[in-house]
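Let me give you the structure first, and then I'll get to my questions.
Naming follows writing order (A, B, C, D, E and F), and every chain is counted from residue 1.
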């Protein structure tokens, strides 16, 4: 059970309803996932978070699929199950297959490993990298 | 100062020298950065780490530039300065410009933010994501 | 299932029983939550942890409610479900309502985001902050 | 040295200049710290981050000083030096003295400790906390 | 449910089958745990991970039990339930009893606490430790 | 510079002086490192932290050297430079040589890697580990 109840469509504050409308229109689906239903208790937080995610994940100089994979990489590093599952699903919807997922996780694992080798040895940054 | 001295080329154990040779050949440069010079004290760890990095970061179904950006995303999440600087440099060498870096970091920041909103609210995973 | 069995009142080592007595007296309730029942296997660890929590969370220059919210902020950052749920409950018992929780989590999310923007850009500390 | 150059006032993109104007007006000071000077390369990211921080840290149901202390708690947990120093300075400007800082850090330390005791023992959540 | 299906013995890619054979032979048991069954989708990742774990966890200058306890310490710090449970089981199989586990977790908790006191106070490293 | 000034022996609150006396007596050296000099502003926090560290790191069912190595493992995972350097120094004083350090860090790196592979794949815990 979530810490605050998930709001269904009949119990939304009006300002949250407007955000839900935009989520549905932007994503072209009626489905609104639980993350937004929890945030809906606070229309200001909901609106800011949705507007931010929409802006950050939009096509830019990076491909939306690459952005989703970066989202998965961070979420796997932090071990946020909800985020791992929802953004893995989003990446798959944008074309990531299982081979690509395994390659992605191999990089995530390796980076987490070498980060700690560097920490434990306190390796000084090479001048070439400054 | 690093926790173990960085080994210069004249003080390498023979098995570490062989790994350095492969690093130079694979990267087509004489430059071997400090990370490997710290690991060089333990030829087994050096060899395994280098072979793993070489395998993981090689072109596959993901582009090497995408892999470098994922490496940066993890390292920024974990705050490993050496790893951030060295892999940002590597990503730039593969074509990442400042606009792409800013987009990358925007996703990293957003993922770290929403990971904690999800945690704090203990949002249950939607059936659609299972 | 926990890694070590949770001890019920009939199976406590005597030294752990004395700590449970103090927990009950201090909190003015018969309820002793699972965290202490797991620690009870090691009376020294139980006693030290309880005495420390009691001292740290007592009213001081910071209000006990503020302390509970800080505890939630750390636990959400680390994603410890047990700690999030138990300290959110404690904060609510001390007066935190849902609006305050959402504000708290908004700060936690923002801090986690900007922490990574700073890391990824390696922003040097301004002289004014030293 | 930061990963991207810090922009001084004479080299700002126009859209970033407008954000700097709002930072100065909102904070009633001419000083703009390095974090914003690094973000200024990307006016969209700068504007979104500034608007979000302004909204999140504004007085609400939580006191601005409490919000700053929560920011410090998260930053100390993540070990972001820049964020620890800048938000400790901000908290001090809002009234936090050394005794309050020490109490704050005592809670942060304790939470990080018990989070790991809970993890290591995999303590199940009590029904009372659900 | 895992993100990729767990492969049973009848559905292994041939290269993954060979790794499973080595896992069984090395561990002298027919049991292959779920971690390897998930990795089995990617024989290259499976083989590299297994060879690495086998090499790292083998008896060396550190005792295998000490290595398992270090694995538990890291996994409890990161809150990876699967890793905590599997490596606690492995440590127990190598001789760790409940008293030793509690001592181990007490150190893990204390280190996580003092790490954050140090962070929050930005304590400079003593010359004696450099 | 630390966030609070480091207190030299001439400026200690009396209650902190008593703790310093015990640190010196217990460790059989006149040297008191910076961590304690920062905590000395808050005699209650200083005393509790010192008593806890003394208790946790004392010989028990785990060897003090093993405890120091676990401390290093956690600190490398969290990237706390002060803690890494001070506890590596302490482990060396108790007999850890460079080969043992490299083995320790190899385990730390591997655990951090497989923790994230497990997270990213959401591997369910085997019944055998419950």
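In this text, contacts are C-beta pairs under 8 Å (C-beta built on N, C-alpha and C of every residue); 3 or more make two chains touch, one makes a residue touch a chain.
Model, not experiment: these values are computed from the prediction.
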- Task: Return the chain whose centre of C-alpha atoms lies at maximal distance from the corresponding centre of chain D.
- Result: E
- Message: Using the stated contact rule, I'd like to know whether B-E or A-E comes out ahead in C-beta pair count.
- Response: A-E
- Message: From the centre of chain A, which other chain's Cα mean sits the farthest off?
- Response: F
- What is the distance, in whole Å, between the centres of chain B and chain F, each centre taken as the mean of its C-alpha atoms? 27
- Distance from chain F to chain E - Cα centre to Cα centre, in angstrom: 21
- Which integer distance in Å separates the CA centroid of chain D from that of chain E? 34
- Which residues does chain D have that touch at least 2 chains other than itself? 1, 3-4, 39, 49, 52, 77-81, 84-85, 88, 99, 101, 103-106, 108-110, 112-115, 117, 119-122, 130
- Chain-level touch network, classified as line, ring, star, complete or other: complete
- Note on the structure: The chain A residues in contact with chain E across the complex are 79, 84-85, 88, 98-99, 101-103, 105-106, 109
- Query: Tell me, which parts of chain F touch chain A in their complex?
  - Reply: 72, 76-77, 79, 81, 84-85, 101, 104-106, 108-110, 112-117, 119-122
- Query: Residues of chain E touching chain F in their complex?
  - Reply: 1-4, 6, 31, 33-35, 38-39, 49, 52-53, 56-57, 60-62, 66-67, 69-71, 73-75, 77-78, 80-83, 85-89, 97, 99-100, 103-104, 106-108, 110-115, 117-126, 128-130
- Can you check the complex and tell me which residues of chain F touch chain D? 3-4, 41-42, 45, 49, 78-80
- Given the complex with chain D, which residues does chain A contribute to the contact? 1, 44, 48, 52, 55, 130
